[in-house]
């Protein structure tokens, strides 16, 4: 069955129709790529899925459950984890602290017992730190654990962001341009990493990216959006060579 | 003293609109500054009190004539406004709005501190009225000439502002307020516009202070939370105006004044102490929760 | 504040010491006669009243008021104290006679010789604390208080003190706030270890401090204020409290009488601050005015103590009621605000420790023209003729002319000084309070004579009238008895 | 978030983004520190000595133990007030520092706590401890309710709501004589055991210690992390699974709890508590002392609050007087009251705003930043004059 089902989603901002009648399905363990020129509505779609926007019409279903009206944090609790276009980390914090914060839902005590300093909270805090360390190790980021995010180079920030999202223990990873600012080699590495993560964490991945080669390499299925509508969908190569898609990208950089 | 309710209401509304004229002057300044700097200016009322203290000093201590003292008070108010822009707002221009708010609150407190300090020895201050006359309306409300003058100044000031904002420099100000970078590119000095905005706002505050001063005796913090406490009502009027509309600020000020004066109805006055503050609090909550974008927004509202 | 006063005191004490080393034989007789006031206790007359030698420059009406049976103070007897322990004669565990009336008796423990609580008293000094509002919302000039405090005791100290003891004055600003007043009085009692505390002005502050003083067994004296507060013990039940002039409640007949005398047949309003301590006063005032005016009582209202933005509304209602007289007991700032926005002519009448101060007339004229307030001390028109006061004030303040606050504090200090003197050499808190109960009548020629048959020793008030041609309160009548 | 209609769209950056030192929260856990600096034996001794001096100053000096000069009852009473102000400062710090919401009506929270406690003791004749608990709980509840209403608004508008609430409390609630005793104030007796000012001081210190502990645990547990994240970037915080509104409410509740507690302590400290005390000036002073102390710095806020409490009551200048007159041959008191004619009561009102403006324009970390090198050194780290000078970067809004 589908993990994520988007049915006939439209959203308007004033007179602007940002998304129109979008339908999208993501199956278990799939990697789904979303491509499209700038302003096509890709991030808006993510915002509808993760709850930052409430669609004007249509539904978002997660494992059969209608989540259209759930707030962001509740969708995170269900297993939707996302990254942001321009690094969604608490930038004044260290990488480690971001990972600790991102485990918010896994922390096994109530906020009040934390404030009261109940003994169990101390051991729980140690566990949270340990788990953060494990994830960092897995991502080969243990060296920068104590660096402030803002002091890191952009590529590192992007990787740290993925680590932080992993710390939220997601079932579905929604990645907004994970490969932005990366060269072909780095993008290749990123592709490998995502494939590994899918295996290790049993993840379903939806990703937006302009790196068409990256998307086509690792995706099982690809959607192309333009002007808030699905222009084409299907197997990566089919979409890539779809005449409409080529036209939409004409003049655009297709790295 | 049991007046029929409609008579009480008529008296309260008259008094409210007259008091509302002061609130409207303060609100105009608040709106102007918010449009210009995106700041909630908590020093707005203290521009007025400081101007009033200066005018009072000129009149009673220096013995200058009333017009000269009035002008001196205005000059001091404007100077304080410009000083605030220079010493607080400009250095903090890249900070968050709450930081700026704390800054203006600091200016207000500094002004109050100075007033306390410099006029420590004068215990009861009383500014003479411009005109001592008064008359009684057919429904029994008492209207003083001083209050009418304030209302007139408000009308005149609002009209002048409206004219000014249609003039080329007024339009330039509006442009600069909306698009900083673009304005710099076309040669409008954002800095100068900011100074001008704060200067005009402080002048409006000064007018409010010096005109309302003679209503009652005054002391430090007079226009913020003293006898004619206008800071909160002024902000409420500005909220009603969506923080943007100048005509809305005027209408909002008069409305807030009228609503506050409902507290003088016997039902409230005799059962609830300080009913005015309660009415204002409830009114603010209702407005912010039901229509946070304001009521008197007019066409001045921008996205 | 304390520091400044202390420093000033040190300077004065030094000056006094130098003067004392000069042989006393060189003194003029006039000086010697003045020693009477503080130097030697006046003799206790048969009816238990004490009055000082008349020292007013002219024989003004205030000098010796119609104190029934009052006996002029003792003859000068040089410097030494010959009546030490006089007040303790017959000191026994019995309640001093003559108490009763509304309140409880002064403490029953009469002093034993050398016994009792002698905190704040040494062989050579008596420490006294005075609190008054120097800053805060009171309409009282700061300088005035600073100049006024200690004037009387400075003078007495120069003349050898009271029963050979110099009076050391500690002064604290209570900021016109009851919580501050309590804290300051606590400091007086626990840190400065004063013998007694005097309340300068401000009913709420006096109330707060008096209650603390009673809990700490420190004698506390002030001008009369209210008598009761809801939910609290009446002031008369406080074991150490003494009011030196009529309470507000006791003045209500006077207010009614003044209304009848000046506004009979005209409409009248009663306005009282909404302090709970004035609940009792308000009821009595309305009752008294109703009895005097009948249906002419057109309006009554409780108003915020510091009326500001409500002032126009209140003024409007007064004018609409048609009242020509307003019985007023609220703060001076409220008075000034309401008077400023009045659009009709009314005459204010009220009890008025602070409302009757000249600063109120200065700022409030002409809006408060002919306002009549009952004060425990006469107006400056009378006090300027009191040579002893004027000289003492000038001596303490580098020659500057006295004001009415000076008179007020001087009046309290001299009354306390008289009681201290009457207590004699054997001074303890018990003997001091027993003296008040026993002697009952003290008359210093400034405050009206007292009669401590209860905690509230006042017998009369002076009636002041705002004279706007002079911008000050003038004395209309002295010693008006209820 | 559909079409932007709420005022939040006009005031997007509602948090106070003063670059400040954030103690402990974002610092590395100790076990993860790779090469730890270990002070030498002399270093330990020096640190121990400084700790001892500090302990003496707080615990022993006010009760005249080994003191160079004698402090009286009123000085100790002022010290208690300083401790109470420190609790208020920490309360405001939770709101302003952690949650980024400004309260201009904090005097109302404190005042309502004060009158509640007095009412419970006097009118209901219940124990002091119970009264303190009731006052704290009521502080929590009212802050949470006001916060819940205001959650629909953002920073700047919340400031208005608190301003209006403050004036409502001051003019309406505090004017009900049955609750507050009118202008004459309400009695607030102390429990017999703490009747003496010396003992009451230690009671206030104990409560301050409790508040410090709770605040420390708050910042070191998930609630604190959540607050930090949502203050800097609510969108990132919610994508971490943090319920932004719920945790903002927690901040309100904790702040209200501390404020109510401080109010109760203040009432029984004064023994007569008056409504006059809780004016708008006090609300501004609270903001001022917290910001000058240094947002998000516990030690800074405590020092800043105590500083303003002692400055306001004149005790700081009195304490400094022997020092300045004997060492510098200069009387600060005479200079202020004589030379420039500034009465002691107004020193805080005149000096305070200047310090505030200096802090936000020049030294945003406040006192907390100034003392960071010493604090770090005392905690066993290397002395680093630049400690705490971490600049918080401007956070560009994460577009979601």
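The first chain written gets the first letter, and so on, giving A, B, C and D; residue counts start at 1 in each chain.
Just so we're on the same page, contacts are C-beta pairs under 8 Å (C-beta built on N, C-alpha and C of every residue); 3 or more make two chains touch, one makes a residue touch a chain.
Since this is a predicted model, take the numbers as computed values, not measurements.
Looking at which of B-D and C-D shares more C-beta pairs in contact, the answer is the pair B-D.
For this pair, chain A with chain C, the centres built from the Cα atoms lie 81 Å apart. We define each chain's centre as the mean of its Cα atoms; on that basis chain B and chain D are separated by 31 Å. Between the Cα centres of chain C and chain D there is a gap of 42 Å.
We define each chain's centre as the mean of its Cα atoms; on that basis chain A and chain B are separated by 50 Å. Those residues of chain A in touch with two or more other chains do not exist in this structure.
Residue positions 175, 343 of chain D are each in touch with at least two other chains.
Across the assembly, chain B contributes 120, 229, 273-274, 276 as residues in contact with two or more other chains. Contact between chains, per the stated criterion, is found for A-D, B-C, B-D, C-D.
Across the complex, chain B is touched by residues 5-7, 10-11, 13-18, 100, 102, 104, 149, 152-153, 155-157, 159-161, 163-165, 167-168, 170-172, 175-176, 279-281, 284-285, 287-288, 291, 341-343, 346, 349-350, 352-354, 356-357, 360-361, 394 of chain D. The touching residues of chain B, when paired with chain D in their complex, are 38, 40, 42, 87-88, 91-92, 94-99, 101-103, 105-110, 112-114, 116-117, 120, 221, 224-225, 229, 231-232, 235-236, 239, 243, 272-278, 280-281, 284-285, 288-289, 292-293. Looking at the complex, you find that chain B touches chain C at residues 1, 3, 11, 15, 120-121, 123-124, 126, 134, 136, 140-142, 144, 215-217, 226-229, 261, 264, 269, 273-274, 276.
Residues 11-14, 43, 46-47, 50-54, 56, 71-74, 76-77, 81-82, 84-94, 96-97, 100-102, 104-105, 107, 109, 111, 114-117, 121, 125, 129, 133, 145-146, 148, 150, 164-165, 168 of chain A are the ones touching chain D in the complex. Residues of chain D that touch chain A in their complex: 1-3, 22, 25-26, 28-29, 31-32, 213-214, 216-218, 220-226, 228-229, 232-233, 235-244, 247, 250, 254, 390, 392-393, 395-396, 398-400.
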